[in-house]
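You will see chain A twice below: alongside chain B first, and alongside chain C after that.
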Partner chain A sequence: MLDLAQNTMDGIAAGSAYALLAIGFTLIFGVMRRLNIAFGPSIMVGVFLGAWVNAQWSAGLIGATIATFAGALVASIYVERLSFAAIRGDAALASMASSFALWMQLEQGVALAFPGRTTAFPTLPPLLDVQFVGLILHGDDILVLTVAGIALFLLHRLIYRSHFGLEMRALADSAEAAAVSRVNTKRVAFLTFCLAALIGAVAGLLIAATDGQVSPKFGLWATIKGLVAMMIGGLGSLRGALLGGLALGIVEAQAQWYLGAAAREIVVFGLLFLCLIALPGGLAGMRETGAERKL
Partner chain B sequence: MLEIADIKTSYGKIAALKGVSLDIHDGGLTCLLGPNGAGKTTLIWTIAGILKAQAGSMKIDSEEILGLKPHQIVSKGIVTVPENRLVFPDMSVRDNLIAGAFSRRKEKGGIEGDLEDVLTRFPRLRERSEQMAGTLSGGEQQMLAVGRALMARPKILLMDEPSTGLAPIIVEEIFEIIGGLRDEGRTIFLVEQNAHMALKYADRFYLLEQGRVTFSGEPGAVDHDEVIQRAYLGARKAS
Partner chain C sequence: MGASLDITGLTLRFGGVTALDGLDLSVASGTVLGVAGPNGSGKSSLINVLTGHYQANGKIALDGQPIEHLATSERARLGLVRTFQTPRVYRRMSVIDNMRVAVHATQAIFRGRSDRRHRDGRLRDDLAIFGLSHRADALPDALTPYELRLLELARAHATGATVVLLDEPSAGASEDEAHRLSRILIEHLMPGRTVLLVEHRLDMLRALCADLVVLRAGRKIAFGSPSAVLDSREIRTCLMGEPVDA
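Now for the complex of A and B:
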């Protein structure tokens, strides 16, 4: 019982990073109706830039953070221009295929630039573990949860309280109605892409800093985690992305503890299939409110 | 005044508009009639800047505006009430209306005032202002679409088939709203299949058939039956 609770707590910390990745995917999918599978690799470029800046000038976590945000933003804009802005809105498949091509390009580019492949990343400042009723809340996890929580709070404010958020929701709800209401659809789509990049960079940063390293495979890993969490939560729902990310984290932690690392992925993808078949609307689709279905 | 001259729009190789010219005069209801597939909605989407015209010109108060992007067209005061009442279904009625004022976000006070005006004009929208727009009835969604367009303070209101899919009694209600807007001196361009109702309210009409304007005039000066027949069925073959 204690194990179960401990695993759940560990899972929530990991899941909060997955949730941020899923939210990045969801923002892009909600507003553009297109899947950007180069999302993970764009973040990976940012994280590598952070690692490089740190190695070059011993910039520490702050310097690496700034570089990670900048790198993820530039890589995402590159993807947006080539795979989304340049391709007609209704050609969703072309965008996905093209973002796959850019994924390979980004991954190979980073592998060439960093022949050592796995590169060190500055770690999170050490924080004391907190103990209560026999459970341990790790210092790293506290930091991860705090940062992810702040990012989610700011995002929520932006989407539901700001003018830009209203434009974004309008575009996600109906592209035609948004266009005739004078939403500059291209501009809002572009800014949404940038927003997703920043959210993704927060996730990449937390994960890399927890691990203390990053490899070019991080792109693949982040895309898969984000996509799976998004699918479990319900395609196109922000609340679903949050729930899906947390659920993914918890299930992974439990599976790893009880069944071992090898079985973990099997359990995760089993869960994905179960969700797709039994809950086509995802976790968020269980309680259909309508209000947040698309964004 | 909006002057449209020789507009050509096609979908791939299929020409939908083969050179359409018409004028929308200030303060009055100009109506575009025509059978299914004549190109009426294509013309609206072309004016709104969502479809790209291959040729032609469109001038508002002598300024050329063909080729501008949709949001720029709205900034020129040309606001569309799209067909099938395209509201934002998952946003509240109030948010839908505020979305109509995207073009004017700088002037906060004016927006609140206009919101109040629209809610006073359509009391049913006030009752449901916190409800999701997707849960409204067809007639209420049409009111919302009109209200949203009014929030942009339009110079010219383009309305695409507001009566589609509504019960006859609701259609009359919608036309009374349109008539009321006209009586306030607003400029309205109404695209309508329901020629019978449209001719009752129009100051001037055009008949669009197979991508061309084939007939125009003032409702008082023509035989309504003839126009109505052609608007529903298209031109009779030369006999």
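Now for the complex of A and C:
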């Protein structure tokens, strides 16, 4: 029982980073109704830039953080301009295929720029583990949960309390109504893409700083984790992305503990399969379909 | 104030079907032009082309400025907005939030707390004008079809649009609702605006429009004052399928 609780706590910390990845996917999917599968690789460009800045100038975590945000933002804007802004809104498949091509490009670009492949990333500042009722809350996990919590709080404020958030929700709700309500739909879509990049960069930063290293496979990893969490939670729902990310983290932690690392991925994809069959609307919308639910 | 709308040689084809066939039209600033025609005559296609939902050949000018190359939202930001036969509202947002989007998009000065209060006060006044003040905090799913239409009209009003294209605003409305709708349009939406009104109800076209154009197979077959156009037996036959007293 204690193991179950400990695994759940560990899983929530990992799941909070997955949730941020899923929220990044959801923001783009909700507003544009198009899937950006180059989302993970764009974040990877950011974390590699962070690692490079740190290696070049011993910039530490703060310098690496700034570079990670800048790199993820620039790579995302590159993807947005080529795969989304340049392609008609109703051509969702063309955008997805195009973003796949850019994924390959970004991944190869990073592999060529960093031939050593795995690169060191500055780690999180050491924080003491906290013990209570026999459970251990690791210092790293406390930091990850705190940063993810702050990011989620700020995102919530932005979406539900700001001028931009209102327009973003309007565009996600009805693109036709937004277009005739004088909403600058192109600008809102672009800024949403940038916001998703920043949210994704927070996740990338937390994961890279926890591991202390990054590899070119990070893009694939982040895309799969984000997509799986989004689908478990329910396409297009922010609440679903949060729930899906946490569920994914907890299930991974339990599976690893009870069944071993090799079985972890099998359990995760089994869960995704079950969700798609039994809860096509995801955890956030038991009765709605993903297409009906919006931000 | 309203802006003029000039359409020259507008042609729209869907495969072998011609929806609009070299249509020329001018709507003077601040006037109401009715558009009538049998089903499939090109009325809704005309609105869809004017707002950029469909791309057609020909020229469209808003106050003399070409707009045919602009996207729907860019045309809307120049003041050209529309309503739909089936109202398009934000179903996940309250009625007042539906209105807030329109004002936010036009007046970025409403940012501070007091500005927001001022804005909300104005929007609630607008909702009262359109008979929706009691629905301000409801979600659109709780509204009747007639109220949804009023919400869409109120939102178009809140955008401060100079040209409004109305696509069958009385569709599905009862006689009484259509009558109330006409009054709201005359008293609140139409003053100072250029309006293109696509409508099946001949009584509304007579009451609301300065001029009336009748389309058939994407072509203009009659144009003039509603009474003069609708007095023609041939036109009434075209519109109603058989001679009637309108």
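Criterion: the second predicted complex is superposed on the first by the 289 of 295 C-alpha atoms of A that agree within 3 Å, B and C clash if a C-alpha of one lies under 4 Å from a C-alpha of the other, contacts with A are read in each partner's own complex, and residues count from 1 in each chain.
Following the convention adopted for this analysis, contacts are C-beta pairs under 8 Å (C-beta built on N, C-alpha and C of every residue); 3 or more make two chains touch, one makes a residue touch a chain.
These numbers were taken from a predicted model, which means no experiment stands behind them.
For the composite obtained by overlaying on chain A, chain B and chain C cannot both be accommodated without a clash.
Look at A:184: by the touch rule set out above, it reaches both chain B and chain C. Contacts of A:174 after superposition: both chain B and chain C are touched.
Residue contacts after overlaying the shared chain place A:166 against chain B and chain C alike.
With both structures placed on the common chain, the touch criterion links A:88 to neither chain B nor chain C. Applying the stated touch rule to the two superposed structures, the overlap between the chain B and chain C interfaces on chain A comprises residues 163, 166-167, 169-170, 173-174, 176-186, 294.
For chain A in complex with chain C, the touching residues are 163, 166-167, 169-170, 173-174, 176-186, 294-295. Of all residues in chain C, those touching chain A in their complex are 51, 71-73, 76-77, 81-84, 88-93, 97, 100-102, 104-106, 108, 111, 155-156, 159, 161. Within the complex formed with chain B, the residues of chain A that make contact are 163, 166-167, 169-170, 173-174, 176-186, 290-294. Residue ranges on chain B touching chain A, taken from their complex, read 48, 50, 69-71, 74-75, 79-80, 82, 86-91, 95, 98-100, 102-103, 105, 132, 134-135, 148, 152.
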